[in-house]
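Next come two complexes built around chain A: one with chain B, the other with chain C.
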Partner chain A sequence: MRVEYINPFVESAYSIMKEVLNAEVKRGDLYLKKSSQPVMGVAAIVGLAGDVEGRVLFDMDEKTAIDIASAMNGEVLTEIDDLAKATITELANMITAQAVTKLHDLGFRFDLTPQAIITGQNMRVTDMNVEALIVPFELPQGKVEINVAIRERA
Partner chain B sequence: MKTTSDFPSINERSPDGVKHGGGAYRVLIVDDSMFVTKQISQILSSEGFEVIGTAADGVEGVEKYKELYPNIDLVTMDITMPKMDGVTALEHIVEFDNDAKVVMVSALGKQDLVKKALLAGAKNYIVKPLDRKKVLERVVSVLG
Partner chain C sequence: MENVITDNVLEQQEIKKESSIDFKMVTFSLAGKDYGVDIMKVKEISKAGKFTFVPNSAPYVRGVYNLRGDIISVIDLRIFFNQPAKQSGENDLESMIIVRLEDHVIGIIVDEIDKVVGISSESVQPPHPLFGDINIKYISGIAESNSRLYVILDVDAIFGTKSEEVVPKETLKSESLQDDAPSIESVPQAVSAAIPDPKDRSDRELGFIKETLVTFKQFYSSAINDNWIKSRYSQWFEERYNKDQSIQLTGIDDAENYLSSFYSPYTNMLWSEDYINQIAQFIPKVSSGNFNIWNPGCGKGYETYSIISMMKKFRPELNLKVHGSDKDLISVASAPGLLFNKNSVPDFYDEFMVESNSGLQFLSSIKDLIMFEFRDLENLEVFSRLDMVIIRDVLSFLKEDLQEKVLQVILENLKDDGILILGKNEILPDLNGWEDISENGISAYRKR
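This part shows the complex of A and B:
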């Protein structure tokens, strides 16, 4: 996977999380994962389709998701309810939309597919024939990993 | 394109945010969440409403309302906020302007506070997560 795909996601994630959470956001080191990986418990997923295809996963544990949704809404949430799910989905959507605009400006052509959110314990994600690049972010609410797997269409 | 004047569409309607006599309904958004404020603002602006002010807590909300009065048509009022909660802010606004049109915005599970707000003079309420249709429906019902 070309690393240039991931930079727009990293930049957008950093600036948008900083803005909506009004908090210090720290970026960790990028790393590569093999084709099958565990996910932490709450994962928002957005697909890309066009010149390139793939998906972006926003992965965090349940408590982090609840605390992020609470902070974003100015509420005290206690579980992954509809509001928490809608909020994490919207966060993923905002980050992806901004990243895709940047990629469009660089000449890449593709659209977003409708996003989804999955929750549960002991989940794994498996990407066929494509490596995933992961960028961890440390927030006051916990860790969020942006997990990008994109490839050019054959 | 000139086609619209030649073929008047039966589906044409004026946006919800525009008054019958023309001019936009003027809205104050009171919410401690920038994210929610933006969501409400985007939904209302897209229908022609004019967001003339925002406030991040109840105290500021009451102040802004008094400042903007009488050139204000609607308030969206969050319930959970620092300094002064939305129900208390609502009470202050209604005390100042008995005809104030205030719509409460609440997370699920705050039925008691919503009920209290409705008894105190709130005209309607919206439960988060917000969706466009729900927000417009509730807001229009209050202005109609």
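This part shows the complex of A and C:
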């Protein structure tokens, strides 16, 4: 993945999560992965189009998702209901949009596709012919992994 | 894996103080004798029949079976161990133990499945070397329960990759020994291996050095760098012997020392004008159009900037694109904004650089021709067709199977007559598809 793309995603994820959750956010070491990877339980996905093609996946387990949604809404949620889903997608959207704005300022043209949320157990994600960058974050609510797979349009 | 096992055994011994049963096995019979397998390896047991025959497979493979959607292979253990097997009728169901190995699931056909027996792992005796029917390496021990003796089979050794790795090595070793000394052919292998062979000593020491290079520097010896590593060894031996130091590499410093003469010229710095002129001879004769170069292991980008400057100088008319990639994020992330000290830059680069407050850097028109990527060769993917690949001193730091894979991908993605440049001490072991055009100490190959 082009190195210029990495920082905007890492920075915006860090600053937005810190802001909306009002909590200590710790970033783990970035790494690359290609083969299929397990998804923890709740995954919000935002597609990218334009100069590049790819997608950004926000992956967390169900409990983390509920806790994050509770913290963002200021009320206690107990299950992944419509409000929780909307909250997690919104978080994904905010982070991706800010990263794309930063990239736009650097001269790269990206468009976002409508976001989607996927929930369930025992899921895996496999990217064909593109390497995924994994950015792990440690929050008080639990672990969130941001999985970015982008490639240049040939 | 082995550590885990010993840990488990230790734990089991701890628990044993409270209860004596700490090892459970599923017992079954084969040709009237009792056997057991560790219950932790057993996924389930079932009655099954009508296996789908697989043509051209080994005689002990009964076929494949659809276990609730998963296709598993089915092995007849009786045939595997040369035991008499009852002929079963077309529609008969047979007893099958389904075992879970590290990466796959296998069904084993046995005569009869008995029950689960709990024993104390301390009462398991090691197998006796004179065991008959079944090869001793497949047996993990013998246990007694209710005055019946059970042979405990080691499922991993039977079906796992563990045994496959060990067996060929042993055969190889015995073969080479026999070649060297036909007179000791009849001596049992274990004994002949114990006789020290003086001419093997330096081989063995070199072997140790190769292993430590992997440990300290992730440097993998292979046919690509074997010539160098051998000639370096004789030099190293002399150096260390004269200084009365150990031949072996005792730390990361020694390993770095050993590799000090391995690296190609101008590693981690801009290439000199002379070196650029030498490399430029190998630029493929392409008349016009797109020209793609791949530079894996670009590190901080010195090499990539040198390459693009060389191309701009010699073939400015081409539509150039250089892909620099590295798996060290910190290095490659700093590459696009790399700054240079004015005194350290050869004059050759003047026309491509611009002075800024903090130092010299390359013109943005040059930088636009380069794409630096954070990429791991482990996850190779397809990219645009390449005219030239410059991969100096990178392959030697990849595991051997990955080295081959990377070379294969390069061969597939290079255009005809495309050029591959390796490090000065690296060679292509397999010239299939390549033409060796190395010259002046530069390892270069043309795709045929």
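The rule is simple: the second predicted complex is superposed on the first by the 153 of 154 C-alpha atoms of A that agree within 3 Å, B and C clash if a C-alpha of one lies under 4 Å from a C-alpha of the other, contacts with A are read in each partner's own complex, and residues count from 1 in each chain.
What we mean here is this: contacts are C-beta pairs under 8 Å (C-beta built on N, C-alpha and C of every residue); 3 or more make two chains touch, one makes a residue touch a chain.
Quick caveat, the model's predicted, so the values are computed rather than measured.
Student: Which holds for A:2: it touches chain B only (first), chain C only (second), both, or neither?
Tutor: Only chain C; A:2 stays clear of chain B.
Student: With both complexes overlaid on chain A, does A:134 touch chain B (first), chain C (second), both or neither?
Tutor: It touches nothing on chain B or chain C.
Student: Considering only touches as defined above, state whether A:39 meets chain B (first), chain C (second), both or neither.
Tutor: Neither partner.
Student: Please give the residue numbers of chain A that touch chain C in the complex, ascending.
Tutor: 1-4, 6-7, 30, 32-35, 129-131, 133, 151-152, 154
Student: Which chain B residues qualify as touching chain A in the complex?
Tutor: Per the stated touch rule, the residues are 31-36, 39, 78, 80-81, 107-108, 128-129.
Student: Applying the document's contact rule, which stretches of chain C touch chain A when the two form their complex?
Tutor: Residue positions touching the partner: 327, 329, 332-333, 335-336, 371-376, 378-379, 381-382, 384.
Student: Could you list, by residue number, the parts of chain A that touch chain B in their complex?
Tutor: Where chain A meets chain B, its residues are 19-20, 22, 72-77, 81-83, 85-87, 90.
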